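Below are structures written as structure tokens.
Two complexes, one shared chain (chain A), two partners (chain B, chain C).
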Partner chain A sequence: MAEPKLRVLMVSDFFFPNFGGVENHIYYLSQCLLNLGHKVVVMTHAYGNRTGVRYMTGGLKVYYVPWRPFAMQNTFPTVYGTLPIVRTILKRERITVVHGHQAFSTLCHEALMHARTMGYRVVFTDHSLYGFADVGSIHMNKVLQFTLADIDQAICVSHTSKENTVLRSGLSPGKVFMIPNAVDTAMFKPADVRPSSDDVITIVVISRLVYRKGADLLVEVIPEVCRLYPNVRFVVGGDGPKHVRLEEMREKHSLQDRVEMLGAVPHSRVRSVLVTGHIFLNSSLTEAFCIAILEAASCGLLTVSTRVGGVPEVLPDDMVVLAEPDPDDMVRAIEKAISILPSINPEEMHNRMKKLYSWQDVAKRTEIVYDRALKCSNRNLLERLSRFLSCGAWAGKVFCMVMIIDYLLWRLLQFLQPDDDVEEAPDINFCN
Partner chain B sequence: MDNYLAGNSPPPPPPPPRPKWRKVAYGGMQIGYDDNYTDETFLEEMVMNANVVRRDLLKVMKDSVSISQYLCIVALVVLVWFHTLQSSLDESSLLLLDLSLLALGFLVLLLTEEKMLSLRLLLRYVINITFFTTGLYVLAPVYQTLTRSISSDSIWAVTVSLLLLHLFLHDYSGSTIRAPGALKSPSLTSCISVNASVVASVFVASRLPSRGHVFAVMLFSLQVFLFAPLVAYCIKKFSFGLHLGFSFALMGLTLYSVYALHSLFFVLFLVLVVVVNVVCPYWLIRMQEYKFEINGPWDEAKLCFDITD
Partner chain C sequence: MVSSSISNKRYTYIHESESEANREAIDIHHVIINGSRVTGYARLRWLAFFLVALAIIMYFLLGKDNPVRTLSWSCLLSGFFVMIQSRKFVKKESVIIMPTFGIQLETQYLSGKTVSMFIPIGKILKPVLVECVTPVTCYWSLSLFLRGEEQLTLVFKELRPTLKMLVPIWKALCAVIGTDQSEMMTEEEHVVAG
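Moving on, here comes the complex of A and B:
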């Protein structure tokens, strides 16, 4: 059995059985890296009674660290609490690169800090956008600055996200790579028999019904479109606090027979909902990338979306109709989409998507980033401290203290349990 | 911008002319460009200090009058408490003060309100006030003996801290007690502020010698703390000139009363008013230059319509 080329540890609070963009990204990236001959281990926190080590498809080893989430699937930030287990996993699996995901995952920040203390190469992927004005963002940005102060390479999912990350963290843009998400085109195929768009046009919305996903825009847009086009019907999949508002809108304009509310749609059923429609409507107010658009386009749907964040970069101009996030402009965009609908061939669109996005391509590009990270010269503690010190008048000193204590704790752990005493896990090849 | 571009490694120049770099995420790695390529258009859409409002010193000073006006009101309440505790204000004059304040406040509300007063509304107000005062009168003996087992020093210390908390959290831009039919509900901090002032009044009242004193002082304090902001707000909404005149009259009255008490307090209070009305606005204007606000395509879009849940 050949020795794996790289041994990568993916760290994030967000992983299966939870569902979302980050979870998908980690899963598919790991699978493709495994196929490229690397060893990949995932570290996340315990979900319910799912703790300990699990194996997923292709021998993807997942450590569910027995650390309970406290808010929004995040573990409680203890700063040093995860040091022993991170060290043991890194040693057991003989990891060479640590790859953290998502800026608001506390587990990711802690693991990256410990990995840097122990001299491992670290890569960080930012999946979301942040503003600069509100109190929450200001604190998040400071934490991000701390994690990224000493990082080898960073990855962002769109060019807009790269600009945002560079501004927030003060990294040099040359260290930040743009590698987008992708879509499993084999899973999102157009329907064998496409529903005819001559008599009824179906517009599909699949998103959590929350403020940030623009549920309030939907409340304004849907009645207006229904008024203009008697042959349009809507299918709304997803649940959330704004569900009530949509129900109210449906009753107020008596659209019960034209607006179908499906409630929460599990990821495995998304495709079956998408293929019943002709147009996919995304009304997000902020979005770093938006995988939902890719899934819809892969199913052969024409997309109408708000022009926010990284969305304009996601699809070629002839596959998407963009609108400003205000109801009038969105209605105009839907009008335009309905007028060009006859020229859309779902099968052709699906084949184009196959060429535009693939997880294999994402994995290959990520491999290049790992190679770059491995080539970075390793700095000693003092050199690294000077970088933390430059993070801010007060924050810099606090960051330095945090790092020094982390270093001392690491030395103490090494004294209590020398590195050689940590048992190494055997590599099991599941591919053949 | 330049230092951002400096860290970028130039891509290897291929022999055929490179296709132009596009700001797109699809289609795999762009030919001739690495994934960490940073184009000249990087951060082109960033906007700095787009929404900053340039403030005018005179306007800020005028706005700060609301704060000093309320400071004066609280100072006057404290003075009344002091004189009652010193027994230089007797029960009947206190009750007279209560009644005249009630009538004055009611008059101001009536005159500044656009709607005409109906007999039914008047009756409702009268019934409400009667309930309120009766309740207070019944509870007065309880208040009087409420803190008998606690030493006076602790009471004064707690009262002062509660009043400071009240001033710190007070909603100076509006009124916590709102006219019926107001849309926005008051914020949590302003509710805490009102509660702090009520508790402070109870503590002070519990040190008074007789039941009548307790009733009169409690009625006075509650009237002022609950309804003075509303009355001041109505005056301000009615006419800004009247608001300024009223504030300066209050300031004069407070300064005179404080001077009659002690000259040191007079100096302290004068300094406080000057700091609030002159120094702080000037400071705010000076700090405007340090404003640094970044906007760009990554910002969350703002909805252009109101959401009424």
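Moving on, here comes the complex of A and C:
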């Protein structure tokens, strides 16, 4: 068995069996990196009784560390609690690059901090956009500034996201790469027989029914579109706190026969829901990169979306109709989409998506980032501390203290259990 | 008696077999904590006795109003605590394989006490090498799938021998039960290479 080119540890609180954009990104990127001859290991927290080591397709090894999530699928921020297990995994798997995902993930921040203390190369991918004004964002941005102060390279999923990350963290733009998400076009194929748009036009909505995803906009847009177009029906997939508001809207306007509420849709069923429609409606109020519209376009649906975040960068102009996050403008965009619907060819759209977005391309571009990270010079502790000091008058000193303690704890661990005592895990070849 | 061994800083693995040719011979696999550690545990027990003795002397020889006398209670309690803990220290764990009959798992404590568990051959479905993950570390363990039991049974309940030590025991168990070893060849190759 040939020695892997790189040994990558993907770290995030968000991974399967949980479903979402970050989870998909980590999984597909890992699979493609494995195909390119790298060794990839994922580290996440335990999900229910799913703990310990699991193997996924292609020999992707996943460490479900028995730390329980405490809020929004995040592990409790202990700062130093994860140091022993992170060190053990890094040594066991002979890791060369640590790749953290998502600024929300406490496990990601802690693992990157420990990895830098131990002298590993670290890469961070930001999947979201954040504000600057509210208390939560201010706190999050400070944490991000701390994590990115000592990073080798960073990746963002859109140019808007890159701009946002650079502004929030004070990171040099030269260190930040833009690598978009992709879609598994083999999973999202158009229907063999396209539903006719002559008698009924179906508009599909699949998203979590929360404020951020624009569920309140839907409450105002759906009745107006139904009033203007008697042949339009809506299929709404997803669940969340705003589900009740949509149900109330349906009752109030007597749209039970025209608005179908599917509830939570498992990822395996998303394609079968999408292919029943003609138009995909995305009403997000903030989005770094919307994978849902990629999946819809791959299934041959014309997309109507709010012009927010990185959404305008995702699809070519003839595949999407953009609108401001305002009910009237969204209704106008849907009207425009209905008028251009006859000119849409789902098969052609699918083939274009195949060329535009592929995980193989994402993996190759990520590989370049890893190579850049490996070429970065290894800084000593004092050089690294000077970077943290520049993070703020008080914050800088706090960050320095955190890093000094982390360094001392690492040295103590090395004394108690030398590196030679950590048993290396064998590489299991799943290809044969 | 054929014997072979593997050693590292922490443990020594000893394999004893009555004869290599005879497949019906009893096969014994020991994992022993290295001497330095056992000596350390013994020293700990002496420390416990010393603390208890010191506590008694302090209590009876010092005057009633002496503040140091109150220390005697903490010495006494800590001494008893160390003594209780030292009884749990494991010296050796063994796997005795008796073909066509069963396997016996033995744990020998520093105090001299031995705990045994016998598993009939018919109850063992499959021996497996598992990577265990705790909140602070990862290690390999050898476990048994037993008929009619949901939980895996650990072969080594107290000690954590390395994969190099576990593979020969796993192979021996597979041979006795008649399990296919091919699915773990990658690990074995790695061990041989290492």
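Here is the rule we go by: the second predicted complex is superposed on the first by the 432 of 432 C-alpha atoms of A that agree within 3 Å, B and C clash if a C-alpha of one lies under 4 Å from a C-alpha of the other, contacts with A are read in each partner's own complex, and residues count from 1 in each chain.
The rule is simple: contacts are C-beta pairs under 8 Å (C-beta built on N, C-alpha and C of every residue); 3 or more make two chains touch, one makes a residue touch a chain.
None of the values given here were measured: they were computed from a predicted structure.
Asks: Since both structures carry chain A, what do chain B and chain C do when superposed there: clash or fit?
Replies: fit
Asks: After superposing on the shared chain, does chain C or chain B touch more chain A residues?
Replies: Greater contact footprint in residues on chain A: B.
Asks: Where does A:67 make contact in the superposed view: on chain B (first), on chain C (second), on both, or on neither?
Replies: second
Asks: Using the superposed model, give me the angle at chain A's CA centre between the CA centres of chain B and chain C, as a multiple of 10 °.
Replies: About 100 degrees, rounded to the nearest 10.
Asks: Contacts for A:163 in the overlay, against chain B (first) and chain C (second): which applies, first, second, both or neither?
Replies: A:163: touches chain B, not chain C.
Asks: Just chain B (first), just chain C (second), both, or neither: which does A:52 touch?
Replies: It touches chain C, and chain B stays clear.
Asks: Which partner chains sit in contact with A:84 here, chain B, chain C, both or neither? Use first/second/both/neither.
Replies: second
Asks: Can A:386 be said to touch chain B (first), chain C (second), both, or neither?
Replies: Neither: A:386 stays clear of chain B and chain C.
Asks: Can you give the closest approach of chain B to chain C, taken over C-alpha atoms and in whole Å, for the superposition?
Replies: Superposed model gives a least chain B-chain C C-alpha distance of 36 Å.
Asks: Looking at the complex, which residues from chain A come into contact with chain B?
Replies: Going by the criterion above, the answer is residues 129-133, 157-161, 163-164, 166-167, 172-180, 212, 214, 216-217, 220, 245, 285-286, 288-289, 306, 308-310, 313-316, 325-327, 355-358, 361, 365, 368-369.
Asks: Of all residues in chain A, which touch chain C in the complex?
Replies: The touching residues are 1, 51-53, 63-67, 81, 84-85, 88-89, 92, 421, 423-429.
Asks: Given the complex with chain A, which residues does chain C contribute to the contact?
Replies: Going by the criterion above, the answer is residues 9-10, 130-140, 162-163, 186-187, 189-191, 194.
Asks: Taking the complex as given, what residues does chain B use to touch chain A?
Replies: 4-9, 23-29, 34-36, 38, 42-43, 45-46, 293-305, 307, 309
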